[in-house]
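Each structure below appears as structure tokens.
One chain, subunit A, links the two complexes that follow: it is found with subunit B in the first and with subunit C in the second.
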Partner chain A sequence: MSTALTWTAIIILFAAGVYFVALMERWSFSGRLDWAGPLHAFLRAFGQEEIRTRRYDTVFYEATPIIFIAVVLLAVAILPFAQGTILLDLGTAALFINAALVYIMVSLIMAGWSANGAYGMIGGWRAMAQLIAYSMAVVMAITAAVMRAESMGMLEVVRSQAPLWNIIYQPVGFLLFYFAVMAMAFLPPFDLPVAEGELAGGAWAEFTGARKILFRLGRLLLVLTLALAVTVFFLGGWLGPWLPDFVWTFIKTALVAASFFWVGRWLPRIRHDHLLEWGWKYAVPAALFNIVQVGIQLLL
Partner chain B sequence: MMELQITLLMVIGLIAIWFGWRVFRTNSMVRSAFSLLASMVAIGGMFLVMEAEFLGVLQIMMMGTEMSIMAIFMMMYMMDPGGLGQMDMTHQEKPSIVAAVVTGGLALGVILLTNWGDIVPAAPAPAQQNHDLGMEVMQRSMMIFESAGTSILTAMVAALATALIIHNNNQKEH
Partner chain C sequence: MQPLQQYIILFGMLVATAGLAWMIYLIKRSLGETVDEPGKDMPAQSGHPSPEPAWNRYHVHYYGFALLFLAFDMEMAYMYPWAVVYKELGLVALLDMGFFLGILFLGLIYTWTQSGLKRQ
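Our next item is the complex of A and B:
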């Protein structure tokens, strides 16, 4: 297939993926597949009145939704969809994805702070506490995957999984990365920063209309991007028989994204002190164990 | 190509300085912290322009977390974190001006008097740089990194120890 055609197919599949994530998100709350739901929500938000709080921080308030969506797009750019089909083949891609996604947290703090509202501010700072809980698990799981590939390039990470996918080679790393990225995307049960029913939307509580749409769209892109990251780091990326490479990438990504919401539907929201406790007392030792295990397997 | 890089370097450098100046032009602790973050990200951008990809990405990643943590600590300790109460943040103005001029002069002296060598026409490929950096950290500079790591660990343990509630039987628990 020609390059242009492949990219067109990828863009269409990616857009379909965003719709699929929106659909699954609604399913995770209602238990029903509301096919027109995402479209209705989108149109409703467009017609919504733009409400601003008193004495809000103009620069932060206007910049935050754009930062949120921009960093997600930067993270997508370094993930491969197929053999050689990647927007930016960086030599430090494994580090770059984490660097970009740290700014999700920065954006949430800015959103929470700028609106000059109590719920927003609590949500914003919760996002930071959450980062302290999950970031070690993310970075150390990536480290083990990079150790096996002997490269921080994403194409190498996938190629290294040709004999055996990382989910089998380093199952502990997979579990850590899987739950840590769920916390990174603040999906239930880790949805502390936006906590519906508790903080009334948290960091985004005071955002309406077009800005809210940007956040919602950014979140959908973020979930899809992180599902793609799980696929690339642990599920062998584009590797698979018969079908074209990028089709395999999207099948795996969609399954991972769906599983995020399925897990979130059945688990209660975790308390933030428990999250930090789990992150540091159990996830960090497990991540160290994973690195040692991979190291031994590589030396054998 | 070289001219483009130098121009970009200067532009991003000016952005870094501008945000660095903004840090002191606001009374809001969070605005101040995030201005510093923007300045640090610009410095990360300078590394990227100089083709030091690993350093650039690392700088951008680390600063995102560090400045946010700094922001929450400043917010906790300052009496007027939002800057809405018009509290004056400046103090000891004359000594700080003197300190700034002296350190600025020293930095300028180091820049002008150091023999920087010839401009390297091409940096090694990013993957090669990562490899070289790994070798450096694991060989010649290992001792320095290990001591830095141990110091940070000690500081973390000490910080946790100060936050612990020590149960003393002689005192009534609250």
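Our next item is the complex of A and C:
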């Protein structure tokens, strides 16, 4: 199949993936599949009045939705969809994805600060607590995957999993990365910054209309990107029999994204101090153990 | 592909994203203005009026974790180059980094024993 055709198929599949994530998100709240729901919500946001709070911080208010969606797109650019189909084969990709996705937290704090509302501000500070809790698990799990690949390039990371996927080679790392990534996308058990039930939207409470659209779109892209990252780092990326490469990538990504919402549906929201305690008392030692385990396995 | 070229593409993506945002803003603006009404610009606070500004001192209960996070985050910067050459260097690399991580881990244990790992 020619390159142009592959890219077209990937773009269509990616758009379908965003729609699928939106569908699953609605399902996780209501328990039923509302096929036209995402489209209705998108169009409705255009009809919404744009209200700004009094004495808001103009620079932060205007910058934060764009930062949010931009960093997610930067992260997508370095993740491979298939053998030769990657937008940018960056030599430092594993480090770059960390650096890019930290700005999710920065954007949430800026969003919380800018509106000058109490709920938003609390949401912003919680976003920072959440970063401190999940960050180590993400970084250390990626380190272990890099150790096996002997390269920070994403193509090498996937190729190193040809004999055995990382989910079996380093199951502890997979579990840590999976839940840490859910915390990064602030999906339901970890949706502290935007908790609808207690903060009425939290960091995003004061954003309406066009800026809300950017945030919602960025969140959907973020969930899809992180599902893709789980696939690339732990589920063998494009590796699989019979079907074309990129189809395997999308099947796995869709399953991971759906599982995020399925897991989140059954878990209560965690308190931010509990999240920090669990993150440092259990996740960091487990992540260090994972690095040592992979180190020993590699030397055997 | 040259490294410089790659970063130009990344910069181009940033510009394209800003363009997308601008396009959405323009469409939104063409669909109508916001009606100016009193009390509309109050931040949401579950129906209560919110008289004071939110930008005041806030007690972050997690500063102990934050300090620990700084130490570990610095260490991660060394981990990545180490991870790339790990298999080449073999046992020496494992012992070197094991020693380093061991000291850091002792720091974590120490913080734990001083009850730093809880809401302050």
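Just so we're on the same page, the second predicted complex is superposed on the first by the 300 of 300 C-alpha atoms of A that agree within 3 Å, B and C clash if a C-alpha of one lies under 4 Å from a C-alpha of the other, contacts with A are read in each partner's own complex, and residues count from 1 in each chain.
One rule holds for everything that comes next: a residue touches a chain if its C-beta (ideal position, glycine included) is under 8 Å from a C-beta of that chain, and two chains touch if they have at least 3 such contacts.
Not measured: the values here are computed from a predicted model.
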Exercise. Would you sort A:Y103 into first (subunit B), second (subunit C), both or neither based on which partner it touches?
Key: first
Quiz item: With the two structures laid over each other on chain A, which partner does A:V230 touch: subunit B (first), subunit C (second), both, or neither?
Solution: neither
Quiz item: Touching A:L176 in the superposition: subunit B (first), subunit C (second), both, neither?
Solution: neither
Practice problem: Have a look at where A:S151 lands relative to subunit B and subunit C in the superposition and call it first, second, both or neither. | Solution: both
Quiz prompt | Contacts of A:F60 with subunit B and subunit C, given as first, second, both or neither | solution = first
Exercise. Using the touch definition from the top, say if A:L222 reaches subunit B (first), subunit C (second), both or neither.
Key: neither
Exercise. Check the contacts made with subunit A and report whether subunit B or subunit C touches more of its residues.
Key: C
Exercise. Go through the superposed model and pick first if A:L90 touches only subunit B, second if only subunit C, both, or neither.
Key: both
Quiz item: Which partner does A:L23 reach: the first (subunit B), the second (subunit C), both, or neither?
Solution: neither
Quiz item: Which partner does A:I167 reach: the first (subunit B), the second (subunit C), both, or neither?
Solution: neither
Exercise. Go through subunit A and flag every residue that touches subunit B in one model and subunit C in the other.
Key: 55, 90-91, 95, 113, 125, 128, 132, 135, 151-152
Quiz prompt | Complex contacts: residues of subunit B adjacent to subunit A | solution = 28, 30-31, 34, 37, 53-54, 57-58, 60-61, 64-65, 67-69, 71-72, 84, 125-127, 129-130
Quiz item: Can you list the residues on subunit C that touch subunit A in the complex?
Solution: 1, 3, 6, 9-10, 13-14, 17-18, 20-21, 24-25, 27-29, 31-32, 34-35, 40-46, 50, 53-55, 58, 60-62, 65-66, 68-69, 72-73, 76, 79-80, 83-88, 90-91, 93-94, 97-98, 101, 105, 108, 112, 117-119
Exercise. Would you tell me which residues of subunit A are touching subunit B in their complex?
Key: 55, 57, 60, 90-92, 95-96, 98-99, 102-103, 105-106, 109-110, 113, 125, 128, 131-132, 135, 151-153
Quiz prompt | Residues of subunit A touching subunit C in the complex | solution = 46-47, 49-55, 65-66, 69-70, 73-74, 77, 87-91, 94-95, 113, 115-121, 125, 128-129, 132-133, 135-136, 139-140, 143-144, 146-147, 150-152, 200-201, 205-206, 209-210, 213-214, 272-273, 276-277, 279-281, 284-285, 288, 291-292, 295-296, 298-299
